[in-house]
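Okay, so subunit A shows up in both of these, paired with subunit B first and subunit C after.
Take a look at the complex of A and B:
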């Protein structure tokens, strides 16, 4: 335990402030991250704005089908996958990679290796994705969920990703800190799992498609694992890093961290085929996925207890730190969406909610409530440190938080409920189908309103960031971290 | 944890397990599936399913490209699990073999609209499909399906009189005097694809329910 307690203490703000060489190293690391991390993050946020716009168009179309109906490229069946792919591969992946790069440098204690390489990767990623999203809109979508980007653009994304992975492995090999903090386990896992998933799916579904419903098995093994083995580890790594960092105390239990990590690694990757309950697949494939889904109770409760106990007694700090606020909401959503997901995977429950808008609400609780919120929180911490500039507007931060929080609640809670009602009606054959459709309309309209709130939050965030970046070109001003962190932790300036 | 190599191996082995279990094993079990061979009443050999050809095959491309799968599933769940069969979406549950030649397999995860596994059987009238695609409100008032006017051409009626395949539009949907709406190739192909969707074939693993002796035909 001595090694781990040493690492924990090294993570504590107080430890560094009395060790100027360590502090200088951290400042050097932060400065070295500036260009590549900002490049990934800013591109990610621009895709978030595009993805939000596409989401709103899709959402409006679901209750007002005549909206923008005469343009083929804006038909629902194209806007929806365009939305999904821009937010998954544009926003979430790129922002996630940006945060991962920074966390890797910080935790390995090495300044950014070959920032040019990472920036080239980001450029290629954006080119590939732009080609792909335009491809979807002009009709080249593959209609394979989570893999709609046409075949001609995915190799560009894969090449770009390979550069990131090579970079991460080099950084990992060069690490000066031998002890591996829990965040690094998750990051390393995500970096190694993603190319395997992506390559398998591309080869077996796009390049040399397998026959028949084997496609469905590969599709859902891939799609569920993109969530479980790519976004989830990056999100959890960030939570494990930022909660202790901001409140200034170590993670509650090292052993719970170990248990949480390995049980996630064992069980999550077997979950995917619960998306095919009732479908034309041999029963064992679905059953094994249901069992694995229920086993997810272990990593989920372990991680929830670990995070909650770390926060215990420090909830007051949520008032001051936007990082903590977003990250803690994200952590709560992780628990909630995982429990909801376990319920959805049970045959009796799935019989009702499968094929309904409940699934859409669930996906947003996971990807938005958990992942996006954690990323927002992380960026509130990272960006001032790599740019040496403080967030210009506290009001915009509040607006961002409350718009997203309310938008999320108004999105997920009503649509989950509406989905259950939709499923119950659909399973009652005496209810005509058009009556079922009619019953979903109020929930879908509310969803559009919730989406507008989320969009407002995003605009506030990006506005604040643009304002901050404008100041990068102005004269250097000492960051006033006190605004964000509360007086106690103000001493960490520049760390 | 200190040991990078151990971590590395653990990460690879965990994913390898499900890759074998949920990717390789399904490929082994289902990859070799072949069409069912039976003989019809006339003694001729019948293969099911069969690969789509011509317009139906082209129509499948439109179905994929327009993203129909985001609202319409193509799978019938078993009797007693949901109301798929009582709603008349199929006579039997669908099984792996039904999808042998689908490119790609579009099972779907959403039923914002009804299931289409057997739409070719439930609605074989092309005219209905054209009107429905042109504007779903014509055939299904209150539907949230988008209209697809871009699959149709609005044109002046030529000197030879109205085209035989022009849509019969009346009331609020009528077009100006002297004009007509005709399906483009894409609409025709899409409708041929929809009409090709039918699975009411007796399979050993999924027999059709026996029609009772003497039941009304």
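Take a look at the complex of A and C:
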């Protein structure tokens, strides 16, 4: 053991060689994650509610422009980026970090090291984001898509993220399981990729801004990679862990999972420039991006085959497991949004759908259908274990799932079709532009209705969580429910 | 502009470059030679292969 490993090992409890110790360790790992993971997750869900409210305001404004038009901080140009940033950095990043922390501890077989470090990171992340979102609403947006948070809040976010990365490296160094599961590959990659992406984009766009079309190139390199190299690895890591765990069966092919990871690592970061098809960019840069986008067929296909074959013969378990329902829907959406993204990257297809609502549908199929659904499923698994309490209401779980599922379908399908019709009409010089805009109104109204359904699902989820937490921290604490864990573990926890 | 081009191309090459280095590291450690062992890593004595978990929606009612 190296000197650094010995230093870190001093932070851990003693050896865990016998079986009873291993079982005790599992319960200890879950219990040790409680404060930091809950902090990130609860913060993330509160930002989800805020982001949903902002999304609804923005969506209503698209078909009823007079809605809340008398307040400048609620104009579309401010509400829309505020929605995007609350959801990306508030909800998705924080729940993603929360799930990452738990998965890392579980797979490294170590209790949570230095929970104070992660909790401080969460506090600073929320302070930085609050400052940033308020900044957007008062008019300080940078106007760079996906990087609208004002420059004065980003050092706080970066400091906070650095603490999370340090924590992850320490935990990895302390791992008791020497071999890595594929989920760890994805998580470690995400943890190292995100600060590199974020720092590069901040430097090249805000601190020492590049000029002209290079700004657009850097912007879309960042925006696309945040999806593919930050959220996607965390989402896929969760799917690779939770599907086998819930159905009690190892993944169909570990080789395929490794191939999927490495091909994502090699191809994804070249994809972003396909957003600039038709723009004043060197043609070779766009072409390289299109080729890399088509190469994404390799990781997408391997992941799809692996997930489907792992589930084969176990689809009946979807009826009984909320985790499985959300995660499997998320996995299907990953395949769908990836194939849609490959199609979007082709010049002939992009000529139609570029600058239409089809792009919005695609983004939501990816970030919501895939990532958010997988996170919801993961939280249904993790939270009962770290709080040692069951979910209080099965009805709210079902309401959450069906509201989100129907809301997602009503959002993505009509906007995708409407976007294609919109694009075809825009490419027809005989159709007046006003006619094209009027033609989108039915789709936009459906979008608002879908957003209301999604909001209903979010309220049901947060309500159930608040109810559960009231049982954990409130005056009428309930005993540990045996269904969560083996009897021996329950006994260990009870000691 | 040359500096920018170097920065951008270097940046784009960095991810696959680091990925290749990590792939070599993984290969040397034997991470790619243990598929069956690695596939079992999410399981343990408490939640072994063959035991489904999280089957909570078949409960008659929530615990009170």
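Things to note:
In this section, the second predicted complex is superposed on the first by the 454 of 495 C-alpha atoms of A that agree within 3 Å, B and C clash if a C-alpha of one lies under 4 Å from a C-alpha of the other, contacts with A are read in each partner's own complex, and residues count from 1 in each chain.
Everything below uses one rule, namely that a contact is a pair of C-beta atoms (placed from the backbone, for glycine too) under 8 Å apart; a residue touches a chain by one contact, two chains touch by 3 or more.
Quantities reported herein were computed from a predicted structural model and do not represent experimental measurements.
With subunit A as the common reference for superposition, the partners subunit B and subunit C occupy clashing space.
When the shared chain is aligned, subunit C comes close enough to touch A:319, but subunit B does not. By the document's definition of touching, of the two partners only subunit B reaches A:280; subunit C does not.
Touch counts on subunit A: comparing subunit C and subunit B, the chain ahead is B. Applying the stated contact rule after C-alpha superposition, one finds that A:250 touches subunit C and leaves subunit B untouched. Of the two partner chains placed by the overlay, neither subunit B nor subunit C lies in contact with A:195. Of the two partner chains, subunit B is the only one touched by A:61; subunit C is not. In the superposition on chain A, A:266 makes contact with both subunit B and subunit C. Judged by the touch definition given at the top, the superposed model places A:433 against subunit B, while subunit C stays out of reach. In the superposition on chain A, A:26 contacts subunit C only, with no contact to subunit B. When the shared chain is aligned, subunit B and subunit C each come close enough to touch A:204.
Between subunit B and subunit C, the overlap after aligning on chain A sits in one stretch of 22-30, 58-66, 76-84 or 166-174, namely 22-30. Shared contact residues on subunit A (touching subunit B in one structure, subunit C in the other): 179-180, 182, 185, 189, 192-193, 196, 200, 204, 210, 214, 217-218, 221, 229, 258, 262, 265-266, 269-270.
Those residues of subunit A that touch subunit B in the shared complex are 3, 61-63, 65-66, 69-72, 75-78, 80-81, 139-145, 172, 178-180, 182, 185, 188-189, 192-193, 196-197, 200, 204-205, 209-218, 221, 225, 229, 258, 262, 265-266, 269-270, 272-273, 275-276, 278-282, 285, 288-289, 347, 351, 354-357, 359-360, 426-429, 433-434, 437-438, 440-441, 444. Interface residues of subunit A, counted against subunit C in their complex, comprise 19, 22-23, 26, 106-107, 177, 179-183, 185, 189, 192-193, 196, 200, 204, 210, 214, 217-218, 221, 229, 241, 244-251, 253-255, 258, 262, 265-270, 317, 319-324, 380-381, 390-394, 397-398, 478, 481, 483, 485-486, 488-489. Across the complex, subunit A is touched by residues 1-2, 4, 7-8, 10-12, 14-15, 17-19, 21-23, 25-27, 29-31, 33, 63-71, 73, 75, 77-78, 81-83, 86-87, 93-114, 136, 140-150 of subunit B.
Here subunit C touches subunit A in the complex through residues 4, 7-8, 11-12, 14-16, 18-20, 22-23, 26, 31-32, 34-59, 61-64, going by the rule given at the top.
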